[in-house]
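As structure tokens, the structure follows; a few thoughts come after it.
Each chain carries a letter (A, B and C) given by its place in the written order, and its residues are counted from 1.
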Amino acid sequence: MPAVQETVERVKRIDVDQYRYGFETLIESEKAPKGLSEEIVKFISQKKNEPAWMLQWRLEAYRRWLTMQEPTWARVDYPKIDFQDLYYYAAPKPKKTVTSLDEIDPEILKTYEKLGIPLREVAMLEGVEPKVGEEDPARRKIAVDAVFDSVSVATTFKAELKKAGVIFMPISEAIREHPELVQKYLGSVVPTSDNFYATLNSAVFSDGSFVYVPPGVRCPMELSTYFRINERNTGQFERTLIIADKGSYVSYLEGCTAPQRDENQLHAAVVELVALDDAEIKYSTVQNWYPGNSEGKGGIYNFVTKRGDCRGANSKISWTQVETGSAITWKYPSCILRGDNSRGEFYSIAISNGFQQVDSGTKMIHLGKNTSSRIISKGIAAGKSQNTYRGLVTAHRKALGARNFTACDSLLIGDKCGAHTVPYIEAKNSSATFEHEATTSKISEDVLFYCIQRGLSQEEAVGLVVNGFVKDVLQQLPMEFAVEAQKLISISLEGSVG
Amino acid sequence: MALLEVKDLKVRVEEREILHGLTLTVNEGEVHAIMGPNGSGKSTLSHVIAGKPGYEVTDGQIFFKGEDLLEMSPDERAAKGVFLAFQYPVEIPGVATMTFLRTALNAQRKARGESEYSTPDFLKKVREVSKSLNIPQDMLKRGVNVGFSGGEKKRNEVLQMALFEPSLCILDEMDSGLDIDALRIAADGVNALRSPKRAMVVITHYQRLLNYIVPDVVHVMSKGRVVKSGGKDLALELEASGYAQFEDAA
Amino acid sequence: MNVAVAKTGNGRAVSDLFASAEGRLPGSPGVAALRREAFETYERLGLPHRRIEEWKYTDLRALVGEVLPLAAAPDAAALKRAAEAVTAHAIAGARKLVLVDGVFAADLSDVKALASEVSIKTLREVLADEANPAAGDLLRTAATDAVISLNAAVATDGVVVSVADGTHLSAPIQLIHIATAAGASAFTRSHLRIGKGVRATLVETFVAAGKASGYQVNDAVILWIGDDADVAHIRLMDDAPDAVNVSSHFVTVGAAVKFNFFNMTTGAAVSRLQGFITLSGEGSELSANGVNLLQKTEHGDTTLVVDHAVPNCVSRETFRAVIDDRAHSVFQGRIIVRPDAQKTDGKMMTRALLLSDEAEADNKPELEIFADDVSCGHGATAGALDDSLLFYLKARGLPEKQAQALLIQAFVGEAIEQIADDDLREHVIGIAERWLERRS
């Protein structure tokens, strides 16, 4: 044990003060008044030029929310949130309607540049259309919908996607342009009454992404959203809705950062995925919100509801997440396996350091016949953090032939942190086959010594071991993200080198 | 006398027909070899004779000692004297081999209305047979096939064959996964069990096994049918020319 | 408080139950005050239900609904029936302590034989001893919930056993709980203090005498194990098929102890064993295991919290559930490793075998770890019998039921073989075999 002490010290020092994305963008923004009321809900709806049905939907959610209690079952501890002390709407003040990147405030573009997110298709938006066959096949394209505070600022590659019939746009636009799709699917996976935060989101969500992939279409590029919270005291409530129609495929990437602030900022997103017959959705997240400083001050409260509905036969939904940020993470990307032969997957890396608290996992709800699910969770706790995996696997009476495999492994670095595993495994028919295994261990002294003896520094050795520990999950990420995630993991854990 | 009669057997697995009208007659005392390429339906035949679930017989009949075998449950077939030596004998943790042998033997005897073996007689018999098959006693204390090598598993199958004294032995790919020494020991065990009252069906992909267990009749299977039958020389012919010539015949 | 739950079968308020029982409850005035306090806790909480996380899968409000009135003290006829049950269920060579309908039955117990090796009192006499200022401690436990509070409030009797340091018991102690009455409840509470270096085997048996049915049992066992002791504790619960058994164990384990625990559930319509085992001395080894054999609509819950409070302890848990018909098995196992409990080695393996399409297995294995230099893990599986194994056995001549029985025996055998004592292990195997015979 003592041999690791040095590592522990280093890891303790690095924590979150070295948060790389903690810069603030100085732009004017337009905010709704503080607090939450029917008026604010109406204000948001009006700002978005929403149709009446949407406002009605929001108001119902708001009224429902007033009757609900904040959940307390998660292993997270935080002072009571004053929901009247938050701004529920903040938008970068628009000069005019944004139609292309060059019209976007250069300050915002600089922000994304600093974030290193791939807005490199600026040129294309300026009119340089790619010629078919000229593309470097090794450099895959990514269409990005960037959400700045609460507002979607740019959706790139719109034209090319349109050619394939794929709809990818801010949900605020989709509400106006594709009301039939939105009305049909919005709230069909996460109902407005689902839980405290999801209901709040339903009332006040300001923007997010909307994706519809028509039958038989394989989305020609990765779709991506980058979220960034910039404003002080803002809650960010995005809403994402992805529909993969029969026989289609889409891969969606989500990245998140926030500037460094002393106050806690609330983030309560809802993501709904619907996969119809033979469709597949792959949803990847790299979450790197500001985790708070070395005293545990500040940071994002990330209370997110993500759920996928494998509604059709032979459909598949796969969640991959790399969670390194946020002061508090409360997040359970889940799959409802409704269609026969449908499949759900959850691959997760959750790293906590400093005073971070993570309570994350998944729910695999087997309803259809011959459904299968797979859960691979890797939790790494360092500093004074608490890292909990919480998961439910359930097979209903009629879910004949349901199968699940779960492996959750936890790694502890230092003796002031905690790693916890809370699985619920419910088999309600004899043809269900469930296998679950969990381990908790520390980094092997022998392995560390071996690496150090071969010339690696203590931090490099730890980084190497941790990357090996999470390899199974990293492999699930699209390549561009895997590289970023790997860097992030090193930053989260490496010593003064960071 | 005909011991096993398979008549125009058609078998499906999950909507796909594997056997398309197979006919085969095996008489007492005979050793038949069934050869054929992968996917020709050899193992399916052995599984259907033993009564493995998952196979749907859509047409045809199987008679064993003149009785309709398809009407019997797998354990009834075993008690009647049908023994399948598995290609991949399963591992059963927690069930000691010795317990398993005695339980199975007595269940078969009980089903036939015979008295159960006394423990000393049983032990004596197991010891004799296991010695001849080079099976150490401590192996019999372990769980059935648990931690056994490929050779040990096959020898355990032969041990059971010797103990249960079936009238029909079906050896499904007995040589798979065995080196030459292990194969020789197993084959010697099988040869010791040849008798005028007992028939054997040896299923194999390679001719090699038939050097050790010499058949009276050789059948070639292709695409779910027997496409050629002949004497033991047919196997050598196959070894030289391969299965390709039969692909079209099917 | 939920009013519906506060009613007894006769429609009286639960507080009436307490009032009617109060006169029969032993204890000095100090003890009586403690009981009232415990009862108020119960009144406030009511029977546990599914929204109480620890009782999520065993909703006593839905499954049981009400607490039955206390059973009357057994009369001569009841004791006679109890005597027959004792004969039928006594383990050869063990020394018996018998509780009938919640009351210690000295005549059915081997008090004299035991007295040479251990000190025995009844809970009743200790609680009534006004000169003993510590009597009230017998009603306190490290963890508490509604059913534990109710036990403290209305426990009528139990045994208080103390084994002096260094004693090697020459025979197992068997604590037999017998129900003779129908439609009544028995609340018992026993304390066992095992001295340093002791070697002891404890067996607990829960059975019905004659046709006793529809009764409820709420038992608590508080066990202290001194340093260097080697203790085996086997619990066999085979209450009547329509009975309810809710039992709570509190075990505090000293240093360098070997503690081997086994629980077998074969009876009761609704049962829950909740164990709280704290490893409070270094270098101890815990082996906690159990088998639930459930059929019809039985509901069997085993909940075990193993708390590694100090470094260098090893815990191993092996649990098996065999679930037939519409039965429901619950296993909740939590391994806690406290911040200082470095070098903890804790493993738990739980497997459920579902024999019927309507059977249900709920499994909640938890790890709660606050120390880094540990090796902890759990595994859980649920599924049906392996078809390929069944076919292999059938191909060797075993009829379906016999093939199943053999595989089920092997399945539960992995837990039963953890019992160190040869005779007791054989005894438990016998119970499993009889259950399987009953099934086929």
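Following the convention adopted for this analysis, a contact is a pair of C-beta atoms (placed from the backbone, for glycine too) under 8 Å apart; a residue touches a chain by one contact, two chains touch by 3 or more.
For each chain, UniProt lists the protein as follows: A, B = Cysteine desulfurase; C = Fe-S cluster assembly protein SufD.
None of the values given here were measured: they were computed from a predicted structure.
Centroid distances from subunit A (Cysteine desulfurase), each centroid being the mean of CA atoms, peak for B. Note on interfaces A-C and B-C: more C-beta pairs are in contact across A-C. For the pair subunit A (Cysteine desulfurase) and subunit B (Cysteine desulfurase), the distance between C-alpha centroids works out to 57 Å. Subunit A (Cysteine desulfurase) and subunit C have Cα centroids separated by 45 Å.
Centroids built from CA atoms put subunit C at 50 Å from subunit B (Cysteine desulfurase). Contact residues of subunit C toward subunit B (Cysteine desulfurase) in the complex are 386-389, 391-400, 402-403, 406-407, 409-411, 413-414. Within the complex formed with subunit A (Cysteine desulfurase), the residues of subunit C that make contact are 53, 339, 342, 352, 354-384. Across the complex, subunit A (Cysteine desulfurase) meets subunit C through its residues 1, 4, 73, 397, 410, 412-442. Contact residues of subunit B (Cysteine desulfurase) toward subunit C in the complex are 50-53, 73-75, 77-79, 83-84, 86, 89-90, 92-95, 99-100, 103-105, 107-108, 111, 143, 160, 164.
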